[in-house]
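What follows is a group of structures, each given as structure tokens.
Shared between the two complexes below is chain A, which has chain B as its partner in the first and chain C in the second.
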Partner chain A sequence: MTHSTQEWNDVPGAVLSARDIRVTLSGKLILDGVDLDVAPGEFVGLIGANGAGKTTLLRSLLGVLKPTSGTVERPRRDARTGGVGYLPQKVALDVDAPLRARDVVALGLDGGRPGIPLHRRATRKRVDETLDAVNALSFAEQRIGEMSGGQQQRVLLAHALISDPALLLLDEPLANLDPASAYDIVTLLDRLRRTHRVAIVITAHDMNLLLPVMDRIVYLAGGRAVTGSPEAVVRSDVLTRLYGRPIRVIRAEGRVMVIADDAGIPDEVHHELPAEVAGASGSSGLSGSSGGGL
Partner chain B sequence: MGSDVAVASGGFLASPTVQTALILGGFVAAVTGIVGVFTVVRGQSFAGHALADLGSVGGAGAFLVSINQVWGFVGAGIIAALLMELIGVQRLKGRDVTTGVVLSLGMGVTALFLYWDTTIGSSSNAAVSVLFGSLFVVNPAVIGPVIGLSIASLVLIVAAYRWLLMSSLDTDLATARGVPVRLTGIMFLIALALAVELSSLTIGAILSTALLIGPAATALLLTRRFGLAALLSAAIAVATTWVGVWVSYESYNWGGPTNWPVSFCIVALIFLTYLAVRIGAHIHSRRLKPATEASAAPAVAKDAGRHVAEVMG
Partner chain C sequence: MFEDFMVNAWEAGTIVAIIAGVVGFFVVLRGNSFLAHAVPHGAFAGAAGAVLIGVDPLIGLGVFAAGGALTISVLGRRARSDVITALSLAMMLGLGSFFLSRSSEYSAEVFSLLFGQILGVSSVQIVPMIVLGAVCLAAVGLLYRPLLIASVLPEMAPSRGVNPQIITVVFGFILACATTMSVPIVGALLMFALLVGPPAAARFVTRRPVTAIPLSVLLALVTIWASIALAYVSDWPVGFFVTAISALIYVAGRGVSALRRRVPASRNTARVEAEAVAA
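For the complex of A and B:
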């Protein structure tokens, strides 16, 4: 795991480059000059309280929301790469909508083209493989509208993955997932960025699973983004300031837990430990989830 | 409703009136059935109903200026569709409210035109024809235009097929995939307007929503595949229309105080088909439950139930 503590800005050959993004929605300034560069294969966590503008930033990076000012350079979709894969926070689909998981995933390949799709066997195989990769093959025939939130998220992730994107923008992909599924997804993402150099920007409230794999964290507050290493950001004082309520970071036995501090954690547990402990390899992200998210 | 017309003798299929009704009704039903599935999935049933009501302004107005109803319906429907797009019905927050307000205005103007039709003009049939259809009295000269417009609607739907699926999944995802979301919306509204106005011509403005939604809702109970749902819906719409025409035709010979109007027969059959399928699906899922629940996880049991339902369909 590379925890580069500098050189994030103006990465030459960055796959994503956002400059001075400003977004005003209904007269309200949501983003006030955000810069972000992401290198191929980089795993970036985007955090911030509810309404901080995480979804707004991801939509600006994706290009579906035009920033009031600022520029974004993002990978294009062409013969070699699927461009940007996006996972929305939620989709609102009728339970009756006859879109099965496999239809949704196939649309990730050719949904932009006109006409009726006629899929060859190779395409169907690819759809199955992608569903399998996110552990969704068992409900491939189910309608997306009648799936649980976690099942939907896995199918939508497969939709984003199937076109071999160079960049993944994932809006709370772990919300609604049971701990085992969440762990599997994080492992899959970590593998993808290593083997395929896919850059990943992911929002999440529960950081415990992501800590072992994140290269750095971007946190949003007051419309501005601050970037730091997980060691620098995932600290009780920083997170407490960011979320505006007590948050405790516990490091013990090589693991890190982030918990909202209502539970009355014994004081002796929460002493400063060396920064390297954060995200140390070998720490099972799964263990952290027992502490509950933010 | 054609009750004042001699549908007459010579056997069902030999009657030119019946032939016209079967051809027109069949084309319109097939297209409306297919468009209906997309309408349900996009949650635009209400927009479909509004287009029928706004189109009826044109249908009623056509009598005033003595042009064929089909042009009145379709002209007003397309204008209404474009206006709805212009004021952003598909994006508006309270789109149901806006649609509802515009719809009421449409019905008001239709009432006015129908009143003028009977007072100024001499079309005493106008109201019945516009509101309840005219499958048995339609001028055979419109067969060509009706078939042409049906095909136009179908072409729009086929061209935008994947775009429609993508936009109904999520507009951000669709936009990111390069789908022209706004164009897709316009293409669909026009296809919807065409289908609904042609249905207004055949079974009437008031009943056209039944043809749009009924077969689609039935098909969606029977399959989880989108393409299959569209085909099934078209098949159900055509079958109910044809059987409806036959029942209405036969009812002339039943010697009751009156015959059964064709629009009523079609709508009743659509409803009965839906009811039967609904009950069938319900019984099936009930019968299936105890067998699988013990052995499998809930999600799997549900899935298995769907499989059986699909095989049944």
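For the complex of A and C:
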């Protein structure tokens, strides 16, 4: 993958603009010139094998990790928006920490403010509505540390959502969820980006749930990002190449299924690796935007 | 036990308990018990050095407490902070023993910094305590929410505009301030016990931060009041009672927590069994 980033420089109205992000960690080049623009309301899936640099990219976009070079323009927090909402991949929580789900979500609203909070009824209502939106109201009074991984994930998502962010960076938010909860969260995110024009960048290994809602897929390999429409990226040949292992995409009755499959990859896939994947940026399916207004 | 000379002890004990209860809540929440051990004990070396060169021990305490806390929080960022804490503590104690070996005449005064001299507090000592205590409380009150979010969700805090690394340094200073005001009164060992025992017990009892902090203060007050009274009556050292009661309160807190976790579960079991019988 020699030259592989997309070229929509200076996109007007983009809520996030990252240019030529390079990150070196402990002498190892992790990201080697990544560009990314995201429009308001756009739903972007970030995929790549373990260690491809997805978490590193999200942390650079958030600003907690200073890239070795490159620039990121991200939404600022102000009176109208909560800036960037972030859900990290793993959060270590102390079992006995005296904090209920409600307290954690309220911190998402005003955790940066000085002074001791005196929450008025309007604030408490907003906290409860946000917990309800992620189906977490039933354990609102529980200690955050005593919840299951999936319950914690929903509460932390509520924490990230409550401030009305313009951009959500979600690092494997579906990883611990049962299928029904995962479906509910994806539906909620899809609704938010339509009603509130929240831009979403989400990483996930299981793409099946995201396929119906994603506008665009960015995939990371070899430190580079390639972007394309879900139709262009979610193909047996492309994914097999990306993950370096057989992956099968099955389309039937308007539905798409992605399965890791050592057994049944047809031979022709191996012969037919498409030119786009090898990295030509201007070639057919893999460059340019597919929706989201860019 | 409420004679004139004891009034200072009650006042000083009360002030120390309030500060330890509030600051200790964040010590335990942040998993900083080892830091709370290192700062008061290392600061004792500063007092020894101050006595050696003939300045107020309080200044030596303050300089070493702040310097130690700053070193640990800055160096601990890029390495395992427990290792940095251990090395800093060992270095400060080494310096302390060096200072003590040079100034044998005053060593009695310095040794009291380890175990305290609460029954011998003079009213002159109360004023700087109140000032430093007020600074600690104001800082915690102002930074309450940033401290909470940086301690519990350090990864998510930056998206709320809170830099957890800055909070770590600021909290180191708050701890240094609490140490400087209390070590001359209760000693390093007792301050450590008060910073950890009552706050750790409080969080077993309540699951809300806004109630855990007052409860932690209340438990610290009970600990120190009971210790002063028992020491007066028995003539045993205050330090023995403070450490013993802190530990007992912690054990009691765990007991409450174990009960709390068992009761709802057994109720559910009972209901399920009842439903099974009914069905």
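Things worth noting here:
Going forward, the second predicted complex is superposed on the first by the 251 of 294 C-alpha atoms of A that agree within 3 Å, B and C clash if a C-alpha of one lies under 4 Å from a C-alpha of the other, contacts with A are read in each partner's own complex, and residues count from 1 in each chain.
Everything that follows uses one rule, which is that a residue touches a chain if its C-beta (ideal position, glycine included) is under 8 Å from a C-beta of that chain, and two chains touch if they have at least 3 such contacts.
Just so we're clear, the structure is a prediction, and the values are computed from it rather than from any experiment.
When both complexes are superposed on chain A, chain B and chain C end up clashing with one another. When the shared chain is aligned, chain B and chain C each come close enough to touch A:Tyr86.
When the two complexes are overlaid on their common chain A, residue A:Gly27 makes contact with neither chain B nor chain C.
Using the contact criterion defined above for the overlaid structures, shared-chain residue A:Asp94 touches chain B and also reaches chain C. Shared-chain residue A:Val64: touches chain B and chain C both. In the superposition on chain A, contact is made by A:Phe139 with chain B only, not with chain C. Contacts of A:Gly111 after superposition on the shared chain: both chain B and chain C are touched. By the touch criterion stated above, A:Gly13 is placed in contact with neither chain B nor chain C.
When the shared chain is aligned, chain B and chain C each come close enough to touch A:His159.
Shared interface residues of chain A (contacting chain B in one complex, chain C in the other): 62-64, 77, 84, 86, 88, 91, 93-94, 96-100, 103-104, 107-108, 110-117, 141-144, 156, 159. Chain contact summary for the complex, chain C toward chain A: residues 29, 31, 141-146, 148-149, 152-153, 155-162, 202-204, 206-212, 257.
If you check the complex, the residues on chain A that touch chain C are 62-64, 77, 83-88, 91, 93-94, 96-100, 103-104, 107-108, 110-117, 141-144, 156, 159-160, 163, 165.
The touching residues of chain B, when paired with chain A in their complex, are 37, 40-41, 43, 158-163, 165-166, 168-179, 217, 220, 223-229, 299-300, 302-303, 306-307. Those residues of chain A that touch chain B in the complex are listed here as 59, 62-64, 77, 84, 86, 88, 91, 93-94, 96-100, 103-104, 107-108, 110-117, 138-139, 141-144, 146, 148, 151, 156, 159.
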